[in-house]
Structure formats: C-alpha cells, structure tokens
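Handing you a structure now.
Chain lettering (A, B, C, D and E) follows the sequence in which the chains are written, and residue indices restart at 1 in each chain.
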Amino acid sequence: MIDTENLPATATRPRAEIHVGEPEGEPLLDAVDLVAGYLPGVNILNGASLTLHEGEIVGIIGPNGAGKSTLLKSLFGLVHIHSGKLIFKGKDITNLRADKLVSLGVGFVPQTENVFPSLTIAENLHMGAYQAPKKFNERFDYVCSIFPKLETRKDQLAGSLSGGERQMVAMARALMMNPSVLLLDEPSAGLSPMLQDETFIRVRQVNKAGVSVIIVEQNARRCLQICDRGYVLDQGRNAYSGRGRDLLEDPKVISLYLGNLEEEVEEEGR
Amino acid sequence: MPESKPFQDLAKWATKAPEGETLISTAYRDKVSADLEFVEHTPGVHKPDPILVANNVTRKFGGMTAVDVKHFEIERHGITALIGPNGAGKTTFFNLMTGFDTPNTGEWRFDGHDMAHVQPEKVARMGMVRTFQLTKVMSRLTVLDNMLLGAPVQPGEGMFRSLIPGLWRKQEKANTEKAEALLERFLLIKKKDDFAGSLSGGQRKLLEMARALMSDPQLVMLDEPMAGVNPALKQSLLEHIMSLREEGTTVLFVEHDINMVRHIADWVTVMAEGRIVAEGQPKSVMEDPAVIDAYLGANANIDLGDDSVLDLKESEEQR
Amino acid sequence: MTAVHISIRRHRLGLLLFTTVFALLMALSIATPGRALAAEAVPTCNPTATNGCVNGILQDADKKPIANVTLKLSGKEEATATTDAEGKWAFSVTADGEYTVTMDESVAKEHGLKAATATVEIEKNSFDKARQVVRFDKPVAASANGSGSGAAGSDSTAGTQSGSSGSSGSSDAAQTTNGSAATANIGKRVWQQLFSGIIFGLMLGLMSVGMNLVYGTTGLSSFSHGEQVSLGGLMAYVGTQVLHWPLIPAAIFAVAIGALTGWIQNELVWAPLRRKRVGTMQQMIVTIGLSMALQYLFQFFFGGDIKGITKSVPASFVIGPVTTDAPTLISAAIAIIVIVGVTLFLYRTRLGRATRAVSDNAALASASGINVEQVVRIVWILSCGMAALSGVLLGIYLNGISWNTGATLLLLMFAAVTLGGLGTANGALVGSLIIGIVADMSSLVIPNDMRYASALAILIIVLLVRPQGLFGKQQRVG
Amino acid sequence: MDFLTIISNTLGELIAPTTAAYVLAAIGLNIHFGMTGLMNMGQAGFMLLGAYGFAITQSMGANLFASVCAAVALAVIYALLLGIPTLKLGPDYLAMVTLAAAEIIRIIGRSTAMTKITGGSAGISPQDFTTQFEGTSPLPNGSTTFLLWTYNNNIANSWWLRLVAWVLVAIAALLCWRWFHSPWGRVLKGIREDENAIRSLGKNVTTYKMQALILGGIFGAFGGIIFVLPRSVQPDSLGRAVTFYTWTILLLGGAATIFGPILGSCLLWVLLTFVKEVMRGAIPDTLISSNQVESLGWVIVGVALMCLVIFRPQGLLGDRKELAFNA
Amino acid sequence: GCGSSSGGGTDSGTASAKKTDSFVLGGLWPETGSLAYLAPPELAAEKLAVSDINAAGGVLGKDVTTVDADTSDADHADQNSSATQSVMSKNPSFVIGPASSSVVKNVYKTITSANVPMLSMGATSSDFSGLSPYFFRTVPPDSVQGAVLGQVIAQDGVKNLAVAVFNDEYGTGLRDTIVKTAESAGVNVVYGANDAFDPTETNFSSIVTAIKASNPDAIAIVAFDQTKPLLKELASQGVDMHKLYFVDGNTADYSKELDAGLLEGSKGTIPGVMASDDFQKKLVKAYGKDITTFTYGAETYDGIILAALAAQKGGSADGATIQKNMAAVSGANGGEECTTYKDCVALLKSGKDIKYKGLTGIGPFNKNNDPSSANIGVYVFDGKNVPQFDHTQEGKVPTD
C-alpha cells in the first residue's frame, strides 16, 4: 500500500503495488449515490458512485446511454444533482457552479460541443487559460508539443476544423489551465490511432506529474490499460468496478461491454 | 459458383431471409474479393466495377488544399475504408462527393451520372447517402420520426397528398416496421418515442447510421460511424454492415478503429493531406511503413499501461 | 411654354363665359339689399363677412419690392392705391363681383413684370374668393393652369379659378418645376447629405452596438433596445429640463440610469430565464412585452409629445461643403470613440473574448472557468448604458426625443447589425454607416417618405450576396 | 364599475373578427416558424398584401371570389419573390429580411407615389370594398343579441363576419392538424431541426421551405382580409406591431401546436381588453388622468405578457420538454 | 341589399332607438400611441363641456354621463375596434371622436350602423363629406384652411415656397390645397409639392438640406408634433425662421421649446375664431394639469354641446333623435343665436329655434353634415414664439 499523499508528485508508482480495491485514505473526489437527470422526473443517474484518489487514473466504461457523460457533467455542476453527495478535497461541491470548480483546479473535456466554433484555436486556448491568463504562453507551448497542428493553425476558426482537430483543441483547452483533476469524456474519439495512443500516453504523463484523472472511454481496452481503477456503468448505476487490468480480463465485462473484435481480427489475420 | 447466379435474385432472396439468420449469402462478398484480388495496390488504381469515380477533385480553403484527389474509384458492392490522419480531408471529400460543398476543380461520376453541381438532396435520391461525423439529429423529433425521415420517396411527403391519409397510411406502416427493426438492431428501440435531442453521444451516432440505412441506399458513406459506440455493440453492428452488402449496398466508411477496418473492409484507401497516398487490401496497407508512420503510429501494438512507453516518450522529448 | 397659347385660345370662350357670368352677377348684386359702398385702399386688408379683399405685393422679377406705384381698381367698385415701401397694396371691397387692377404699362415694362392688368373675382362668402391676391410677378410655369387670378395673359379676362380643373394642372406644373429644381440642387445636397448620413450612421452604430453585444453574448435579439435608447434621451430631458441641470451631468445621470436598468432587468428577468433554459425565441417575446411596457410607461410619465433636451439651437459653421455645429461633431466623436472602444474590448480583452465564448457555448464557457452570469451581467449593463448614451446624443442631434423615438429606430438598428453581421462588433459600425448613408442619400433620387425602404432594400441586397452579413463567417457543414 | 359590460366586452374578444384574423395569421406563422423553423418577422407583410389584393380588386368591382384569389395570388407571388433568393439565409438573417421586406411593402403602400392604387397613407375606405362581402350575408338586416353580445348582423364588425372568420379558422385548424400529423409535416419539422440532415436524406429542402412559406403566407393573406373587413385598409394598421402580436400569440399558445394560435390569440386579446376595461372602470380620473390610465393599461399588458412567458415559457399548449432542446 | 352604411337595421333592438332621457356621451380618444399628445386638450374639452352642461341643468333634466375609451392610433387598428366596442356596449347616445381620419375610417361603420351619431373633431379628409347621415364633424375639411393659408403666403410676397409635409391624410390633403392656392396666386412651389416625409420620421437633417437647397424664401410646415425637431433642424441649418407658415396642427406656443425671437413674424392658421385665453385657461383647469397644445379642444367642446342641445331639442337622448336635431340646433333652419349651453337651453325651453354659435365659429351643418361655414384665424408669432391672433377669415364650406 502506497501512501499517495506523501509521494512526490513526480514519483512513479510501480503498477504492481496497486491494490485490487480502492486505495485507503481520504479520497480526493468522492461521489456517493448520485441521482441526477436532465428533465424533471427522469433520472439518468440512479445512485452512481465514484471515488478518485490523489494521483489516480480512473476509467469509466459502459454501454451507450449508460450515463457516463451525465456522471461527468454532474460532477462538474452542469447537470443538476437531485440527491447524493459530492465531496472534493473534503468540501461539499454538490451542484457547485462549473467556473467555481475550475478555480478549484478541476478541468473538463466534454464529449460533444467541446470547442467554441466562432473563436479561433488560439482564442479557444485563451479561454482554457481564462483564470490564469499570465500562464498562457507557457501552457500554449506545452499543448502545442502534444498537438503540433494547433500551433500552425492557431488562427483558424475552431468551427471549420475537422472532427479530430476539434478533439485536439478540446483536449488542449482543458490542459491549458493546468488542472489538478482532469475529467475527460471520450478524449480519443475521432482521433487517428496514432493520436489516440499519443493522448493516452499524455494522460499518463500528466498523471505522473500529479494530475488525477477521470476518463470516460469507448476505446475501452486502451483506456483500461492505463487506468489504475475502472468502473463499469450501466443504466446509471455502477455495474462493476475494480483494477483496470482486472476488468480488462473479466470475461463478463468482455462479453457485455468490451467485445472481442480484437481477438477475432487477430484470428482472422492468422 | 455464386458468380453464375444473377445477383439480383440473390439480393431479393436475401431480404426475405428467415428469422434468426444474419448473413445469408456471401455472393457479393465473394464477387468483390474476386474482383479486387488482382487490382494493383497503387493510389488511384482502376477497379473492375466502380460505382463512384472521381477525377482531379480539389478543394482549397484559403491557402490550404484540403482535398486533392487525382483519381479515385469505389468498387461496387465492396466495403471500402477511407482512413488517414486527422485533417487529411476525408470529411471534406465526403462533402464534395455528396454536394454539400463544391470543389474548386474536378468531376466525379456516380453510377455513370455526372455529379457536378448536383444538389445534396438529389445526390441522396440517386442512392448515395451519407452520415455526418459531427452528428446531425433532429433534436425535437422523436427517434422514430428521425428514422422515418430516412425513408425515401414517401407519397405522404407531398403537400397535397399528405392531406389524404389513405394515400400514405400503408407505406407509413411499412416504414415504421422497418424503422423499428433497425432501432432494435441498434439498441435504440427503448428510446424510440424520446426526443432525439436526449440521446447520448454514442446513441446519436447509432441513430444517424440507422437513419441512413432506412433508404436502402446504393452507396452509403459513413463518416466515423463507430466513434463513441460501445465496442460490444460495434462488433455486432459490423455484421449488419456486412449483411448490407448482400442486399446490394456499397459501403464507404471513414474510421479510426483499425480492428474494425481490418475486420470488414475489402479495400482500404489512405488519405493524407488531401491526397490519396495508398490503396490496397487491408492487410497489406496496414503494413505499409508510410501508413504506419503517418497514421497508425509506433505504439499501435504496445500496451500503454507499460511504463516503457513513458520512458520512450521522455527520451523522445529530450531529443 | 404652351401656357400662353392656351390662354389665348381660350380667349373667346372665356369672353363668352365672362359675359354670362357677369350678367348673372350683376343681376344678383342688384337684387341684394343694401347697395355696396365704395371700395377703398387700405394699408392691410383682411376679408370679413362684409368685405372682400383685392390685394397683393408688387415685386420685380428679383423679388425686390417696387414702391410708390399707383394701382387702379375698377369693376364693381373703384379706387386707387399706392404701393408702400414693401411693395404692398390692398383694396377693401364690399361688393361681390369682378374687379380689375391696373397699373401704368411703363412700370410693368421697366420692372419686367408679366402684365399690367389683372382681373379677379371676389366672393365674400367663399374661402377661395373672399381674398384675391394679385401678383404681377407671377411666373410663367404656374400660369399653365389657365385659371388663376388673372395676371396670366396680359389682357386676358381669365375665368375665375375653378377648383377642380386647376388641380391636376397645378400638380403637373409643380412636378416639372420640382424636377428641374431637384436636379440642379443635387450637387449642393450631396455633401451635406453624405455628411448627415455619416453622422446618423454613427449614432445608429452607437445605438446598435449594444444590441449586438447582447446578441453576441446571449443570442437574444432585444426588441426593447429601442426603449433603452428612448430612456437615455428622456432621462437627459429630465436632467436638463425638469431638474435644470447642465447638459453634462444630465447626460451622466441618463447613462447611469440606463446602466442601472440593464443591471436590474438582467437580475430580474434575463438571469432567471436563462437559468430555466428558456429559448431565445421566448426571450424575444419577453423583450416585446418589455418594450410595450416601457413605451407606455414613458407615455405615462412624459406624455406623447416630443421633448427637447436642449432649448437653444447651437451656432452652426461651415466646413468645406457642409454646414454643421459643435454638438454634432462632438456627438460623432463620442460615438466613434465608444464604438472603437467596444470593438477593442471584444477582440483585445479577456472579458471581450469571454463574451464571444459565452455566445458560442455557455456550458463550455463555464467549464473553462468563465463566470457566465457575470459576463452576461456586464454585457447587459454595458449595452443599456451605451443605449442610454446614444439616446442622449440622439436627442441632441435629432432635436428631441419622445416615448417612441427608439422604437421607430429599432428596425434600422436591426438592419444595421444584420447588415454588418450579427454579433460582430465592427459589423455594427459598418452596417450602421451604410444604413445611415443610404437612408440619407437616397432622398436625392427617391421620394422622402420611401427613404427608409431604400435602406432596408440595401440590407436585403447585401444579404443576397453575403448571407452571413458583411463581417460574419460561414460555418462548415458536416 | 359595470361588471357585466366588462365581462361581455372581454369575452366578446373571444369571438371578435380581429381575434380570428390574428389566429389565421398566427396559424400561418405556425407553419413558418413552428413547423419549418422559418423566422418570418414579416407576417404583417403577407397580411397587408392580402388586404390590398382583396380591397383593391373589390374597389375596382371584381367579384368576391376573384378578390380572394387576387389576395392569395399576391401572397403567393410575394412568397416566391421573397423565398427564392432568401430561403438559404440563416434564421436570424431571414428574420431581418422578412421584417425589412414587410416594412418595404408598408412604406411603398403608404407612399404618396402609390396614392392612385393603394390610397397612399389614407388607405382604402370601407365603403369601397366591404359592401359586396356584406351583401352576401344571408342574415337579415339589423342587429342581434346572442347571450351577452349585441352586434350588427351584416355591417362592419358583424355577426356575418364573425361567422365567416371563425369558419375559416376552423378550416385552417383542420388543415393544419392534418398537415402536422402527416409525413409532410414531419419533413418540415425535420427542416426546422437541421436542414442539412434532411438534405442528406434526399428531401428537397428548398421546395419544402417554399411550400411552407407560401402556405403560411396564404393564411396570412386570409388573416389580412378578415382583419380589414370590419374596418379599413391602412398600411400602418398592418405594420410591425401586428407581426409582433402574431409572434406573441403563437408563442403564448405554444408553437407547433394546432390550438396554440387560437388559444394564444384569444388569450392576448381577452387579456388586453380585460386589463384596459378594468382600468377604465377601476381607476378614477381624479387620481391620474385618463390617458395615463390607458397607458398604464398597456404597461400592465406588457408586464403580463412578460410574466406569461416567464412562468410558462413553452406556451399554454407547448411541450415543456421541447424547451430543453432549444438550440 | 344590406350594403348601405346608413343603417338599414332601424328598429331591431338597438337601444339608441328607444326614447330615453339619460344622455350617455361616448368618447373615443387617442390616449396612447403616436397621437397621444392630442388627447389632453380633447379630454379637457370633454370635461369642460360636460361640466358646463351639467351646471346648466344637464340634458333633459339629467346629468350627462360619459363613457370613454382609448382608440390609440392607426398602428393599433385592433384597439380602434375594441375601444369602439367598449363604448358601444354602454349604449351611448352620441359618440365624440375619434380625431384622426384614419381611425375614423376604421370605426365609423360600426358606430353609424348602430344608429348612433358620431362627431369627429379632427377628421379633415374631404372624403368624409356626406359619409353617413350619422357622421358629423365640427372641423371644416382641409380645403378651407389650405385656401386661406395659401393666400396668406401669396399675399406676403413669397416667390419660392417649400412645403415640409408629413405623409398622412391630414398632411397631404392640406398640402394639396395650399400648393394649389399658392401656385395659382403666383407662388412657385420649389419643394414638397409631391414629396412628404414619414410621420414617424425622427431625423430631419436630409429633409432640411433638401429644402434649403431648393432656395425657398418661405417654408410652410404641415405636421403635428414632428414640427419641434424640424424647427430646430431648420434653425441649425440656418434657414430664415421668420418666414415660416404653420397650420392648425402645429400653430402652438413654442416659448418653452425654442429660444426667444426665433419664430418672430412667422404665421399660422387655426380654424375657429380666436381660441381665447379664457377658454384655454378653462381647459387647463378642467383637465387639472398643464396642457401644451390646444388642437381640437374647441371642436370637441362644440361637438358635445351641439349633441346635447340636439337631444334637448328632440326631447330624447337616443341616437336617432340626436341625429335628426343636430342640424337644427346648429342653426340650419335659422333661429336665435346663442353661444353657451345655458343660454341655448333656455331658448329651447322657451320653444324657440336656436343657432348655437360656438367657439369654433362654424356655421350650421350643411347637407353633408360638414360645417357650412367656418372661420380660419390667422396668427403671427411674437417675440416669445407664441402665436398671436391677427385676423380671422370666414367663408362657406364647399359642398361638393
């Protein structure tokens, strides 16, 4: 058992030492039995729970419409939580306004509508650094090192970008604010395989630098590979949870959520 | 031998397939793989039985050339994958082919018809139906209504004829049945009376694809249909796509999921910076070092959970 | 001109008519009890129940009065009069009937007058004929009527003016004079009207930039923005005319009140509506309701008439081809400074970029750490404050403000922002200038009451060519 | 205060021809906006053209049917002229173009240059165009009291006009009900949501939009005819304010509903009359002058409108759920 | 066969057909909207008339009661109708108003078809002569005032006249007569014979530029409240402000709006004998508030008095009776002249025929229910920008 709190931010944690269950200690973000929905009377989340510890990567997978995005949005104050508790660093943040959360160091990449279409790329990134405008140049260089295309296209309107390019902007925007917790909703969707991998590696990298990450993915295999822990969400409830690796190999999870396309293709290939 | 039989008959039979059976025939598949077997693996190569032929299609945005396709053909009844890095011009190419955008130069023919300056709706009615990468659902219409809009030529869609329900009730019923069957397949049946605007990101993708299939198109162009779709469902839908072909549909799709491309594509075309840079059977294209370099990346087969990946990255950055 | 020929041709007929009418009138006047008194020359004559007037003013072709000319009245009654220093002369007559005024032929010749005699008919009871004005300087064009008071054809007996027959002729004649005058005038007017068009465009720009800001941030087309403009003007009126403050404090007061209303309405109306996620269409209906409420509230307090902010008319001066005055130039300068300021604010400042981000996607803006409510609040305050400022300037420039001044300009504001490109800052300015110039210049070629139609037509034409407005950007499909 | 007359006047608005005229205009707008998403901010333009078409031909002696045809034809031509170039515009821009076009029609109609045709600012007097319509009435001369209401049978604001107006409304509502629930209506709604998606499904969006524009315009023209029959044709009477009222009616009742326009129109005019009648009765002029009372009445109506939308943003019959997906 | 507006439906249920002794005065006023500033003098006149009548013992021994409603302006045609409905529902004996021609057009059929007489105090359109037996007016048609003003202009030696007119029935109607009269007397109309500005116009600079460029030596302004900004614009562009001509819609006291001396020497016409200071004071007192314009005040007052006298004479306050006796009390059949309600009623009671000679100085109603003769007062602005009475001109109103 590693005391994550006392580790220097840059320390590498040997994966083998992570426990099957949750790490002990005060969680960084704790969502308990969240009930939330968009329309009155229709709950999308029916008691979903989630815990994030300092320095962790937590993955959320699940079928379409399970409520993964809703969960992230409710964590971020964009969907109204009807009941349940949401604790961040010991403070109750239930239904706290999103911009307040940003100043607490939480960053968010939504799944859809994740750029400002009539702003240029540079302006989009400016928005990312809205609360710390002085750091703009430094962070800008950083995100451009991940997505070099952004630098060359920085004056193009985000609305005219290709799907993948938008996704880059969205991800970059969230990274601009140098958050301590990052909520990512399908960051790899629409990216080329190379950039998908790049994204996951970068997530690990920022994680290594001390950022805790919650990541929702349909590219489940890749996601679970990098996660410390994973949750499977179904119909607004937690269906399974456990170490990323374990979920990846759990036959039930595979048959219900992951599929076996990869193996099939490999078999075909042989 | 499947080739000795007329395809049409087969196709008819295929739609009346007995319950439970998915893939009824492999006639078209066999024909396509036979056709493509000896086609050269060079960009812009000619194919035996092309349904769409594009020549010298270019599109510039300001100073940047988004699309510059010298020659491109899609094999009839084939499942062709169009892959390429982000911003390669795939979506723009779709837009050009379907009339949503006009090219700076070039001409292209669909099924022998010249398609320059043809309105998008005409294109669709000629049998070339596309989906959008950034989904377009009719938010304040129910999912079922969204589907029904996908059905082609409905007498009830005339202003005057719509006033006489007798003229369209029957067809409406048939369309509804078909739509429900598709929704069932796409796991959306539970949502059929909900507004499409309430769908999740992945569900929208599914609806968009299902809607495109309502019209039994000759050529369906899917722009990243499976991005954001749950892997288990994706897998089951691939079979549906393959069965489409046996009903006479040609499929062109853009996708970044390499396994999917490998699994169902008969032919892969690679675009980069607006140009077609490689073409060929999936297996061989995926092994093309240029493709790996520009598109697949070096980490494709590496477990990202490995710390070695990070070290590699760090050293890369140090350089 | 054919007029002369016509009147000569009519001579015979007129004579016939004249004799019969004359005979009739004679018979009538004999029949009337109380025989007429003699006519007399008076300094001024006004017709009453008992007397009619034959009067006029003797001027030469250059409108200079001709004094000391003796005029003789003959006909039913007789008298003589001498023109005064202003050329005026008047006879008061008591009997209805024909009168002829004569002067010395030589005088007429010397001063280039059209005639030396004129015959008129007096009828005390009739508005048309109780007074007959005889002017020997009568221009040719007007005599095309063939009727008139007689000075037309020199020795013509000229029938009395016959109401309806003259009307079409007179308007035709007017058209020709008007037409030729207009073309001659255009040269003189171009610069002045271009100038006033620019000034008006700037005012319009100042008005609409606030509206555009609200649109650019919340997507709401505010129909009550016109009332915000009126409010500014009316508050300045309150300041200067009711509280008797000097103009500057009154203007500041007006802007402050305007900004305050912006803040209040955001808190009371728009913020709750946004919280309920009410669509912009519905919000637009709320602005229509608000506009109605405000308009009649103004009418409640200020009545329906036009209020002047300042009483005195500023001294004007001439710069090159245009006449203008200091307040106009200062207003224009303020408008330019404010509009440029807003543009810089939108494109150069963090908050400005935030307003555009909010309009694109409020949820994402909030997720980027922008306090959306704060931004919108500032925008409302700014927008209403600027509207009030423009109301003040407008009230001064247009010489008055009333409960509906803003409302009548609302359409032009919409046209301006749409023309420039909705939600774009410099678009509002350029659009306003175009609308202002077209509206003011178009009256050079089309009737005045249609000049706003031409401004709107320009809008439509521009949108046909550039569907996203001048500065708008097109979105990609797919 | 005389409650009976207040009530009878207020409820009289329920069946007033003006209310019906607004219903027709709002039904037209419902086809434009509620169904197709066309932001037509110039419905008054269609109404004015309808009124001109009817009244001008009537005053030239055409028969009723021909005049109605002329009104419809004018609306159709206007829709075509307006639609062909502008239907490709985005919604907000289309709103501006229609608003401007309607205003241009009004300005030209009232200009002195047009006096010979449209009567200029004076418009067309009722004696010039209403007699034939009044003459077709099967009702006897005189006036009739029915329940609370007494109106002349045939002349001006008459029972006969009420009958015709509301029969027209009934027909229009029936047609709309049929259209709204047909595949045709579905395509229109699809266009409202996303026209590019509809295009990609092979529907000719421009044709559909044009059909909707024409159809709604025709209803607008009928509304215009009914609007002027009890009074006179005056360009200023069919100006921007009328368009705004029509929009208010539509959204008060609920866009994209069949009975929304009817309910909205009844509600608006009943509310307006009620407020003004009560104000006239309730506030003594010793307190504030009577024109202040009247202005205050309007203020209250304005505030009431705001409150209605604030507290029921989806309209009386609208679907609250739809609001959640507002673009 | 039921097309005629003169009310075929005589005796079927309209309350006005029954004999009654309670005189209910209906009033339709432009209390809101673009003509709202015309309402105060009219309302004041109504109040004054009613209190004068009631002070003299009322009509048929009973006090007059009033029912009022706001017609707003022609932009709110729906309000024209509903206001009319509101007044008609209270069974008025007689309706005074509305003032504007366009609103009259919108409502007169509803009123006259119910056999209720109505009287407009401001509808000057010549189309209204003989509109309906139940329609009266105390204002002469615009041709009368126009002729007088046209002659005044000609007589002043004006050579080039510009006319600034707003495009409204009142404006263009009056303009046409002014232009016709002035032109036939030798005045050259250099601007405005066909051009008019929009009634909602706020920006007069280009209009004034055009006027100025036409080099007029005098300008006639035919407008309502728009005059104020127009005057200032004229002054600021340096036009000669002492040679302006006004009409009844704008011959008003500008002492509060303009610098002293600005308008000195300019002239205006107002129908009616001089609207006395005394009457103006009474109006202000009756209204209880300051009134700035007095337009149509006298016409309103006279209209009400005439109707009350008609009811008194006919012995019943129903519409048909009033309609029948309107002409008679105005003196169409001759009779003893009287100037106040009190005096007139006294004469009537003593069985005499009367001729009410009111403040407007109009003659008896002619066959078209127009005033058969009228007075047009000519005013000259003094150094304080207040119009001062100069002289009056009387004459017959043409009947065709």
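Observations, loosely collected:
The rule we apply is simple: a contact is a pair of C-beta atoms (placed from the backbone, for glycine too) under 8 Å apart; a residue touches a chain by one contact, two chains touch by 3 or more.
In UniProt terms, the chains line up like this: A, B = ABC transporter ATP-binding protein; C, D = Branched-chain amino acid ABC transporter permease.
Just so you know, these numbers come straight off a predicted model, no measurement behind them.
Common neighbours of chain B and chain D, listed by label, are A, C.
Put simply, the chain closest to the centre of the protein, by Cα centroids, is D.
Farthest chain from chain A (centres taken as the mean of C-alpha atoms): E.
Two chain pairs, A-D and A-C, are compared here, and A-C has more C-beta pairs in contact (counted per touch definition above). Between chain B and chain C the centroid-to-centroid distance comes to 64 Å (mean Cα coordinates, whole Å). The geometric centre of chain C is 23 Å away from that of chain E, both derived from CA atoms.
Annotation: 33 Å between the Cα-based centres of chain D and chain E.
Inter-chain spacing, taken between the CA centroids of chain A and chain E, is 77 Å. Touching of two or more other chains is recorded for residues 38-39, 160 of chain A.
In chain E, 32, 36, 39-40, 167, 194-196, 198 are the positions where the chain touches two or more neighbouring chains simultaneously. In chain D, the residues touching two or more other chains are 107, 110-113, 196, 291, 295, 297-298, 321, 324, 327. Chain pairs that touch one another: A-B, A-C, A-D, B-C, B-D, C-D, C-E, D-E. Considering their complex, residues 477-478 of chain C touch chain B.
The residues of chain D lying in touch with chain C in their complex are 33, 85-86, 88-90, 92-93, 95-97, 99-101, 103-104, 107-108, 110-113, 196, 240, 244, 247-248, 251-252, 255, 291-292, 295-306, 309-310, 313-314, 323-324, 326-327.
By the touch rule above, chain A contacts chain C in their complex via residues 76, 78, 97-99, 102-103, 108, 110, 113-119, 123, 126-128, 130-131, 133, 157, 159-160, 173, 177.
Touching chain D in their complex are the following residues of chain B: 98, 100, 119-125, 129-132, 136-141, 145-146, 148-150, 152, 154, 156-159, 161-163, 165, 168, 172, 195, 197-198, 211-212, 215.
If you check the complex, the residues on chain D that touch chain A are 321, 324.
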